[in-house]
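You will see two complexes here that share chain A, one where it goes with chain B and one where it goes with chain C.
And now, the complex of A and B:
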């Protein structure tokens, strides 16, 4: 039964996507299937999570070909946590999409593409084979190409060109890195690579290959200076689509980075870790400064998303167990908060009929609940204490101070302060200030009363936001369980012998 | 043999990088296409080029006798070719739509999603030949 559950994150979305394609002409059936599919997905992965939490790492060989020859699926604490978050965010976005996605995008295949995206993300998290990881990256990328241009609005075509080109180049670089690694070691299985790479005679060559992997994953994860595709495109598609992109796609890049650089290229490769630390600091600061400069709400959030990737990178780059635990904690927090922020920003923009901070305003007066939800989640992103953003920042700063990396700690604190400023700016301009006169003059005073959204649509879109906001509060108030989880995942990554022996059987121990 | 192929991969990557650095969207697409072919050739070379027997296991034997050619790179390349082909097809259609929407193939001039700041100079959208810069000479395309 466990063997089946390991394929659950891939099988269920692919099955749902196939069923949605069969019912191509029936959007109502597709809606039900999408909700049902993500619910079944979440239930299965939570069961798998329980198994891994009590019984430790499990692996399964596809077609019963023994590792390292066949394709391996592995579930350790990190991968199963990420898969569980994928399913939960997937369920949230599936509900949000009911009130947001609209008839045109639905009849052009939103549901099957969305499920294919979930399959790609889930496969990338579960696989234990580096080439198979490339294939899941491509599944994810192809689905995301369809989603980002779905609807075909003018801005989407422009954003889509940049998104498509840079992601194409990134995946090709990843393929080249995989080819070179295969040429140097003769294996593609991650556990087998972990055994072969440390004793390899040509460490200089491997450092060069590691740098190529770093480049490819950093492009995927939107790390400075390779992040330009993200703020150029994430604000263009429908809000439901940018919410799922913001929550999951960059995190897959981060996950792959953590996995490969903890298992295969271990901290003995000091060069790559130094690069990670510098890139992390630059990503944090450049991201948040970009956010302050922007006008479109979702572009502000896109830059904040980039900034958050920097926080995760410094945790990885410190190379200590505490730093890694902080990075993983921050990843969980960031997935929840970013998807909620993109969702509520989408609602605000649709209600006001304008994307820019200059045209928004007066939302607090007319829709206080939406404004309060945004405020709540935005403060969580900024790291205000009772909410979930506070603890990972504490852990990361503590980890930085423990290794005498004072510059890293200072950069993290400055970024936190600037994030607070950027979020307060959005709150004040989009929600708190009165509706600007030029908007009232152009659209009439009743614009905010009705907007483009019906009451039912508002309820459907705000339900997942409220659940995610509750989640960020609960994680903040009861931080210990998630901290235990992060520490256990970090410990599994650093002491990876059980991972290797689970995959390769007795010979690896 | 491997060293010759390695040099060929290097030349292909150099060509691809040169094309990708252009402002013309079509040149970039060609560059990406060459880059994905360079990646395929790289995997092929990584698997070592040999003149060994085809990797077919005879009947009633679990392991083939003697030395055989490495079958794995071919499986990997086949996967990569299919993926690369479909992605390129999508990207070409997207380029066409981009030209139809924005009337330019100059990526620096595509600023719909990222509107310029007040006072910022945007390129004229004039990548390519001088003769093509006249808007009246742009072909009509359906959006």
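And now, the complex of A and C:
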């Protein structure tokens, strides 16, 4: 049974997508299927998580082809944690979408595309084969292009074209890197590569290939200077869609980066680690400065998302177990908080009927609960204790100081402060200040009562936000379990011999 | 298109093309062919029909939406991987069954064939949907 759970993150969304397509003309059936599918997905992955947590790494060979030749699926602590978060965010977004996505997007195929996206993300997390990972990246690009242009507004096509063009360049670079690596080593299995690469005679060539991988994954993860596609596109689709993008898509790039650069190109490739640190610092600072300069709330959040990727990168770039643990902790926190922020921002924008900070305002007076939820999650992003953003920053700064990387620590602290400023600015302008006169004059004083949302829609959209806000509070107050989890995942990444022997040891079904 | 020659030819050709596509689908496991190319051939038959008689007749002939066909294909393809679970083998393991038909030729039924049927349906469904949409956008 456990062997089957490994395919759960791919199989269940694909079956759900297929059923949604079969019921193409019945959006109501699709809605039920989508909810049911994500619930089954979450249940299965949580069971798998329990198995991995108690029993260690498991792997299974698809089609029963032996390890270095067939496609291996591997669940270690990191991949199963990411898959579990994917399923939980998927479930949250599926609920949120009930109140947000609308009939037009539904009848144009939101549900099958959403499930296909989940399948792509899940597959990328579970696979132990570098070419297979590329295939899941392609699945994600196709599904997300469909989602981002769903609705067909001019702004969306504009954002979608930028998004898909840069992502296609990234996947092409990835394919080139994989081709070169296969030519140099003759294998695509990650565990097998981990054995072949360190003893390879031509280390110069491998460093060049590593740089190509770094470039491709950095583009996917929105790392400075390759991040510009993200703020150009994430504010255009429906809020449910940008929430799932913000939570998961860049994290897949980060995951791939961590996986490949801890397993295949190990810290002997010091050059790449130095690049990671510099890129991480630049990403943090540029992201948060961009956030301060923006007007559209979801663009502010997009830049903050980029800034968070920088935090994860410095953790990886430090090359120590503590740094990696901090990076993984931050990833979990960031997935939860970012999806919640995009969700609640979507509700605020729909209630006010305007996207920009200039036109928003007065929400605190009319909808104090929504304003409080935003405040809560925003403060978590800024790293205010006792919320979940505080601990990973502490760990990362501590890890930086432990390796005498004072510039990294300083950059992290400055970014934290600027994030607080940026979030406080959004809170003050969008929620706290009085509704601007020009909006009241244009739309009448009643605009904020319900906007274009019914009470039922508000409840459906705020339920997942409230659950995620509760999660960030619990992780913050009760930090030890997640810290243990991060440390264990980091340890598995650094001492990767068990991973290799599980995959290549012939432990099939 | 209102042409007697095209109408007459299409009636015969469409059925021939569809049969040929199934032949190509079945021989595809060991010889050139398979679900993808078979699906392309079948879709070209349906497209020919819609060019000759109009897209509304083609839709009428299909009876279900092209995307539902594609969804059924995706479902079969995923199902073909799941069937191996009944025998306790991992996802996507190929299962083969040779029914005794009392004839000399050997007929193989297998999960790879089911997968190929799935691919065939996905290609037919998706291409037909695109072609019919484009045809109607032109009108």
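Convention: the second predicted complex is superposed on the first by the 505 of 509 C-alpha atoms of A that agree within 3 Å, B and C clash if a C-alpha of one lies under 4 Å from a C-alpha of the other, contacts with A are read in each partner's own complex, and residues count from 1 in each chain.
We adopt the following convention: a residue touches a chain if its C-beta (ideal position, glycine included) is under 8 Å from a C-beta of that chain, and two chains touch if they have at least 3 such contacts.
Source: prediction; values computed, not measured.
Peer 1: Going by the contact rule set out at the top, does A:232 touch chain B (first), chain C (second), both, or neither?
Peer 2: first
Peer 1: Identify the partner contact of A:437: answer first if only chain B is touched, second if only chain C is, both if each is, neither if none is.
Peer 2: neither
Peer 1: If you count the residues of chain A that each partner touches, which comes out higher, chain B or chain C?
Peer 2: Per-residue touch count on chain A favours B.
Peer 1: Mind working out whether A:165 is in touch with chain B, chain C, both or neither, as first, second, both or neither?
Peer 2: first
Peer 1: Looking at the overlay, does A:154 come into contact with chain B only (first), chain C only (second), both, or neither?
Peer 2: A:154: touches chain B, not chain C.
Peer 1: With the two structures laid over each other on chain A, which partner does A:28 touch: chain B (first), chain C (second), both, or neither?
Peer 2: neither
Peer 1: Report for A:61: first if it touches chain B alone, second if chain C alone, otherwise both or neither.
Peer 2: second
Peer 1: Is A:18 contacted by the first partner chain B, the second partner chain C, both or neither?
Peer 2: A:18 contacts chain C only, not chain B.
Peer 1: If you look only at chain B, which of its residues touch chain A in the complex?
Peer 2: 20, 25, 28, 32, 35-36, 38-39, 42-43, 45-48, 72-73, 76, 79-80, 83-84, 86-88, 90-91, 94-95, 97-98, 101-102, 107, 110-114
Peer 1: Considering only the defined contacts, which chain A positions touch chain C in the complex?
Peer 2: Checking each residue of chain A against chain C gives 3-4, 7, 11, 14-15, 17-25, 60-64, 109, 112, 508-509.
Peer 1: Write out the stretch or stretches of chain A touching chain B in their complex.
Peer 2: 131, 135, 138, 141-142, 145, 149, 152, 154-162, 164-165, 168-169, 171-172, 175-176, 178-180, 182-184, 231-233, 235-236
Peer 1: Flag every residue of chain C that touches chain A in the complex, lowest number first.
Peer 2: Of all residues in chain C, those touching chain A are 65, 67-68, 70-75, 78, 81-82, 84-85, 88-94.
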